[in-house]
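Multiple structures follow.
Two complexes come next, and they have one chain in common, chain A, joined by chain B in the first and chain C in the second.
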Partner chain A sequence: MADEDDPGAAARGSGTGALGALLLADARLPTGGHAHSATLEGAVAAGLAAEQVPAYIRARLRTVARTEAAAAVLALRAGRGRPVDYGPVQAALAARTPSAPLRAASASLGRGLTRLARALCPGHPAVAGLATATAATPGLRPLRPVVLGALGAALGLTEAQTARAVLYDDAQTVTAAALKLHPGDPLATVRWVVDAADDIEAAVRAAVAVAAPADLPARSAPLIDQWAAEHAQSTRRLFIA
Partner chain B sequence: MLDPTVSPVSPAPPGRRTLRLGVAGPVGTGKSSLIATLCRELSGEFAMAVVTNDIYTDEDARFLRSAGVLAAERIRAVETGACPHTAIRDDITANLDAVEDLEEEFAPLDLVLVESGGDNLTATFSPALIDAQIFCLDVAGGGDVARKGGPGIGRADLLVVNKSDLAPYVGVDVGRMVADAEKARDGRPVLALSRSDAASVAELCAWVRGVLAEHVDGRHVPQDPGPMAPHSHGPAGHDHGHEHGPHTHVH
Partner chain C sequence: MTAPTVRPGAATPDHRDHGPREAGLTSGTPTIVTVASGGGRTYPVRLETGTFLRPRVMRRPGPGLRVVLAAVRASLCAGDDLRLHVHVGPGAHLDLVDPNGTVAYNARGGRAAWRADITLAEGARMTWTEPSFIVSEGADVLRETTVSLAAGARLAWRETLVLGRTGERGGALRSATRVTHEGRELLAEDLDLRDAELRELPGVLGGGRVIGQVAALGSVPDGPAGPHRLDLAGPGVLWRALARRTYESDRVLDEAWRAAVR
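Moving on to the complex of A and B:
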């Protein structure tokens, strides 16, 4: 059940999948992403230099972002199932996100996406079912990849499109924040994203290959966890996390 | 698939009790001080909470907490990713989250004040976030600012010309500045305010009480000042922001 992109669907003009993939990857989506740095602000405070930002992007694509992309694919499948149950993927992802500030950041982004999903397609079972995520982790709202998967199901995205949206957004969150944290040429940061293409596609393939929540890779990055913890205590910051 | 029968717009639930009041305006014009004044004067009368949008720090929230005018846990700071104008207009997520959390935790609230990050003259609140907004200028910014216009100056629910006590020191004629502002606002209210002038503080409180009463009665309809306003081109050409839309020239 390999879920390849279906260029035919877009050509036939049917469905919102291809458009939805662009929408979910667009930084202009009003869901709160502009106030996040993917922990780059904490990393820079700890001494990460401008020329190390591309390596930071790659490190995320091989660790935390890979786990999140796989979780989004699992959530997409859950959103297509009946009855919808996001409990297992939400619990598996929460267990693989050991940093409390990073769980909170993911839940905060998930909250913004949930508001969008409810405004866009409130009656869709994949959206209505988001309550099952919170039920599995009391006190923790649906995490960002879970809601992205739900939106992917509602908009008709493929598994690869959903995973790529998560990974692309992760990389672009870093580049956008980098422009506020390090002096630099905005055009140069576009190169960082293009250069990450192979890493993104490798992570897409890995995400689509994950069969069940128990197989979700546990790829946290201890330094990112530490920077996120320090950032949460900082009194001078531009970004939530 | 999208359900075309469901409106994508989600208006404020009818009958929401809490009035959400925004305070916008350029850096340092006295927004936090105005909010502190309102808390001091009105928190005995109304159940209140505050959200601040700081740019680099949570200093505004800390200033308000240290002023002791409201319980510290009723004052929340949100980060804006260095985009204070975005956070109150184009992507209001962080602010909505904070406002909804306060309304839930301290229910029933009568009034939530939202302070924007000090920004330029074009920044105004989205009506999806707030029900009414005050735009705050000060006399120290110069007597010409009110005439320059902008959406907040032209169409906020209330324009405050703050720090009127400083007028003699900065060579500004407050009466003239207020008259200029009134002309730019088609009769919408303008208030010359100083925290040391009790009569002006009483007028401010009376205005807030009035809006609150209208909101509770369902008579108040949120107005969007909009991102664009009529503006004039000075001799040097452009004195407006980066928006380009239908220009209304005022000469």
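Moving on to the complex of A and C:
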């Protein structure tokens, strides 16, 4: 399933796969990711200390980020299919995201990515098909992992590249926010991400092994949901979520 | 009464890959509660005692039928596989009460399962209260709840999961919940609390050992706003309180429960 080293993968895509993997993981991408903290701001408000940030990254990689990575892989496959239908993965992800503020945050990131996808590959069926996601969950725009999967399909990413981009971005979002919320040594935070490599790779393997939306991981992190709700109701905040 | 089966050699605490139908469990007879509506009231159609629970009708005024679950024998021990099947017919109203709650005992290397399968037909209503589901030190238990709601059906459900008896860190629990509404997935959640180190990570449970939940499924009641409220993507609300002690989570959830059953 991990088709990363498969020489045929590039042939199936448009040759932009490897570059696309870097693009999608780059915080400089103009999609609004810098305004998000992966709920770290809510966690810090609830008392999370600087030295607990690596444990927070690990908690996410074992729970919610795993669900997102697997959803992105399912969306990538849907984006390669004809006709394209993101409805099942969007609905499964929505049922696994009980927190309304977290669904809203994911939809807002999805919106930025959709704008990018439409500018980059306007005629690609994987991008044009994004309307099928909204149709499955009225009132809820395509969620971030769904659009990432669509972009992955349009750019020719492999499943493992797509999953890793989601997981890396999750960890980097936390560390970048940590530098604003608990100012410290920026070089030290790089170590947190490198130290998460084993958890990231385990989650990549789990994500590519998911066969269908019904098998999408659903491991919840109850405190993250609670912190996200507290954060959404707070009036003093740096980050959207 | 069959003796609990402990599978020799199954002493590893890590069952990360076990599926829903595992070895090492002795399938018991399910407890069945089927009720229907007729003549302006709800009446029992099938009440069958299973290996672990005996359903009994409790008389009380009002249109709803109250059914109380009484323990047949001590559960959950290693190898126990408790099953509860509930069906509420069109327009019927069931109040299901489990007054004693459940204790999963130290399984000494074995494991146990508790599974509930709830279906509500069109316009059916059900309230369901479980005071506590306690996972003792050394227990390894899978809790699976499947709820299927037809159009217009409403379930108010209160559960309290407790890791360990007082002073214990608690055993391994995986609680899987799958709720569908009119055939569409409304809530899918795996509270995977098997690995004590993982569940104590910041963001999962932190220092909490009690997870209290009130769910209103099939409707969106007003109820308390605030950080304990989770508005689902479909018609449903989940209030969840993490605490050290049951009375602390109850304090948060009592108001939500009143809203859910209203």
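In this text, the second predicted complex is superposed on the first by the 228 of 241 C-alpha atoms of A that agree within 3 Å, B and C clash if a C-alpha of one lies under 4 Å from a C-alpha of the other, contacts with A are read in each partner's own complex, and residues count from 1 in each chain.
We take it that a residue touches a chain if its C-beta (ideal position, glycine included) is under 8 Å from a C-beta of that chain, and two chains touch if they have at least 3 such contacts.
What you see is a predicted model; the values in this text were computed from it and never measured.
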item	value
Simultaneous placement of chain C and chain B on chain A, clash or fit	fit
Which of chain B and chain C A:Gly32 touches, first, second, both or neither	first
First (chain B), second (chain C), both or neither touched by A:Leu19	neither
First, second, both or neither for A:Leu48, with chain B first and chain C second	second
Touching partner for A:Gln226 - first (chain B), second (chain C), both, neither	second
Chain B versus chain C as contact partner of A:Phe239, first or second or both or neither	first
Partner chain in contact with A:Ala91 - chain B first, chain C second, else both or neither	second
Superposed model, angle subtended at chain A by chain C and chain B (C-alpha, nearest 10 degrees)	120
Touched partner set for A:His124, first chain B, second chain C, both or neither	first
First (chain B), second (chain C), both or neither touched by A:Lys180	first
Closest Cα approach, chain C to chain B, once both complexes are overlaid on chain A (Å)	19
Chain A partner contacts - residues on chain C that touch it in the complex	176, 184-192, 198, 201-206, 208, 211, 226-234, 238, 240, 242
For the chain A and chain B complex, residues of the former touching the latter	15-16, 28, 30-37, 108, 111-112, 115, 118-124, 154-156, 177, 180, 235-240
List of chain B residues in touch with chain A within their complex	1-3, 6, 8-10, 55-58, 78-83, 86-87, 90-94, 96-97
Of all residues in chain A, those that touch chain C in their complex	39, 43, 48, 52, 55-56, 58-60, 62-63, 91-92, 94-100, 103, 137, 140, 216-227, 229-230, 233
